[in-house]
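Take a look at these structures.
In the two complexes that follow, chain A is the common piece, with chain B as its partner first and chain C second.
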Partner chain A sequence: MITHGRGLRSLSLATVVFITLALALVFFYAPLDADQGFVQKIFYIHVPLSIVSLCGFILGGVMAIGHLRTGERKWDMRAYVAIHMALIFSVGALITGSIWAKASWGHWWVWNEPTLVSFLIVVLMFATYQPLRFSIEDPERQARYASVFAIVAGAFVPLNFIAVRLAQGLVHPRVLTFSGGQLPGSMRLTFTIALIGVALLYMTLWKYEMAAKNARRQTRALRRLILGEDEFRPSRRSAAPS
Partner chain B sequence: MSLILAATPALPLHTAGKYVAAAYIVFVLLLLVYVAIMALRLGRTERELAELTRDVRADQQAGAHEREAEPVGAGRLTRPPEGEPGWRAEA
Partner chain C sequence: MKSALAVLRKDLLLELRTFETIPAMALFSLSSFVIFHFALNRVSVDGQLAAGVLTATLLFAALLGINRLFVAEREQGGFDGFLLAPVDRSAMLVAKAAGLFTFLVVLEVIAVPAFGLLLLGPSLGPPLLGLIGVLALSNLAFAVIGTLVSAIAVHTRARDLIGPIIGLPLLIPALIGTARAAGPLLAVHGPGSPPGKWLAILGLYDLVFALLAYAVFDFLLED
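And now, the complex of A and B:
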């Protein structure tokens, strides 16, 4: 039996420590940005949320490969939860980014900015994942089709990222590059801690959700065992793996 | 596009503070909503488990009552299979 609750306590503690440390560094250690001033503090929550959500989408695709390779339902469940969590984080990234855009550029949204629009496309694409699952009644087919979708959409994420990087005329700043970036040391440290904190939060919530789904599945199995197949009332149709 | 950046200098602290607070509040709110939804789900699972425990206990009690009501020696004796000694009591 797989127990997803194992290690959840230590992971939760690490998350709390890193998020608290990140917040302390953001407001008491990282210097004010010379160009944007105090409003640049949004960077430390917006960018980690965006990066972690994109990685979550890719992770969902990788887990979906595991499902198609092995045929085991646990991989489908893992992919589902990874994409579900990444969607929540991406909504956070969109809202915080929109607030930052309003404060910095005077607009809630800039439609001719490739970074913003491409991120929105990725989010909208993954927003169709759950309706797709819900539209398929047979659990086997649901899992298989959803895995194919997750792999294709997951592969689209890095391609989309590279295409945006190659685009010209960006108003959205490029502070993180492979050649070292433009962040000074104190800002880089704060950002790294914030990124680790948000990544740990993602992992904690993923494990938490998996543990909850596992507990629910076991309860249903127990119910079936006690009541027997005849008296067991199947659950209503769901997008989540059964 | 670069004109937008040029036209928008750094906001003063009292104005920027509201935006920064809003962004971090959004983050906390998302977390709280998620935790609230998980709490509701946990409550549902707990209720189902309590229901199942009640059913199992009721079954066990009913079984115990049946055993108590059964008279001693009420079982039927059956002939043993070929080559095995002794008669057996069948419930």
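And now, the complex of A and C:
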């Protein structure tokens, strides 16, 4: 018997600690922004969400390479869960970004903002991952094609950011330049903690979904064994690898 | 290489005999110009607007071709035949991309003069050479990405839907590059030179996706 949730508890605890710490720092420690005021604090959730979801997309592509190279289905499952979670995070990032844009620029959506636009294109790209999986019936082919898609789309993430960024002027504050940007120390500390917290949240949810998927697959196999092939009713079709 | 030429020859011959894809693409782009005329309520367009109308039209017309690219292979067992043949699988990618490129060139030979005639304000003569260069680069991007997308989509149940929704986001950077590079060419006061930055980006995009497609294409043909 394989236990799927190994390490899940400590990971969850670390996540809770970091998220709580990050929230405490956001509300009680980080200084108020001079011209944006309180609404700037959404930065501590919006930016980590975006960064983590983009990394999640690329991670999905890397895992898909693992699937194509080894041919093992578990890599496909990992890639699927990574992209699935990154999609959820990216929707969060879009919503928080929109709120922030409305509050600080006065519009829900700003087209002359490359980071926003390229993020939207990437989300649109990955939003087709599940429909693609769903419309291929043969599981082996589904896994293979989804992996090809994930690799192409993963490579597309940085390319797209370059292209769109060059297309427009820069409105977005460049807080994450390699030289460290112009963030004051207290803000940077808060941001770093928030980023770690969100990254841990992503990892926890990824592991949790993996555990759930694996457990479900195992129960299904057991049911099939007990009920026999005739009695066993396959579950509803889904985009997830089975 | 020889096998790629054979597949390409077969595709072109098929198109010459059936006249299925290219006339549809050309008619589609003509209708699009009419639609743009009414939707924008303009008798003529120039500059960035003209570049946008032209690029968007070509992009959507290309999608029609992309959707049909592998249909004959799938319906008439061409895939099986190709896989049984002792040839490099990348030949299929090369042949199909070259075929799509050819289709797009033929489409543009019809659609660009029609655009000059129907919608474009400034004369088409002076910017023509630059436009050919820009379109050649954008055709390459459309051909490579289109072949990849089409090969993914053709085995799905809803291939007419999956193809465009995967293809459009992937083609957006190519569209940005093409439209931005063509914009100055179609300016109302004579053509400016196309910005080198955009040509470089288009070229780079072509190169990266050509390599990427070459790397992953084999997996789409396995069976």
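Operating definition for what follows: the second predicted complex is superposed on the first by the 231 of 242 C-alpha atoms of A that agree within 3 Å, B and C clash if a C-alpha of one lies under 4 Å from a C-alpha of the other, contacts with A are read in each partner's own complex, and residues count from 1 in each chain.
We take it that a residue touches a chain if its C-beta (ideal position, glycine included) is under 8 Å from a C-beta of that chain, and two chains touch if they have at least 3 such contacts.
Remember, predicted model here, so these are calculated numbers, not experimental data.
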As a test of reading the superposition: which chain, chain B or chain C, is in touch with more residues of chain A? B
In the superposed arrangement, which partner chain does A:A215 touch: chain B (first), chain C (second), both, or neither? first
Between chain B and chain C, whom does A:L205 touch in the aligned arrangement: first, second, both, or neither? first
Which superposed partner A:I196 touches (first chain B, second chain C, both, neither): neither
If we overlay the two complexes on their shared chain A, which of chain B and chain C does A:L68 touch? Say first, second, both or neither. second
Where chain B and chain C land on the same part of chain A: residues none
Per the touch rule above, chain A residues touching chain C in the complex are 68, 121-122, 124-125, 128, 131-132, 135-137, 141, 144-145, 147-149, 151-153, 155-156, 159-160, 162-164, 166-167
Please name which positions on chain C make contact with chain A in the complex. 148, 152, 155-159, 161-162, 165-166, 168-170, 172-173, 176-177, 180, 197, 201, 205, 208, 212-213, 216, 219-220, 222-223
Report the residues of chain A in contact with chain B in the complex, numbered from low to high. 23, 33, 35-39, 41-42, 45-46, 49, 88, 91-92, 95-96, 99-100, 102-107, 110, 112-113, 169-171, 201, 205, 208-209, 212, 215-216, 219, 222-223, 226-227
Which of the residues in chain B end up touching chain A in this complex? 1-2, 4-5, 7-8, 10-13, 15-17, 19-20, 22-24, 26-27, 30-31, 34, 38, 41-42, 45, 48-49, 52, 55-56, 59
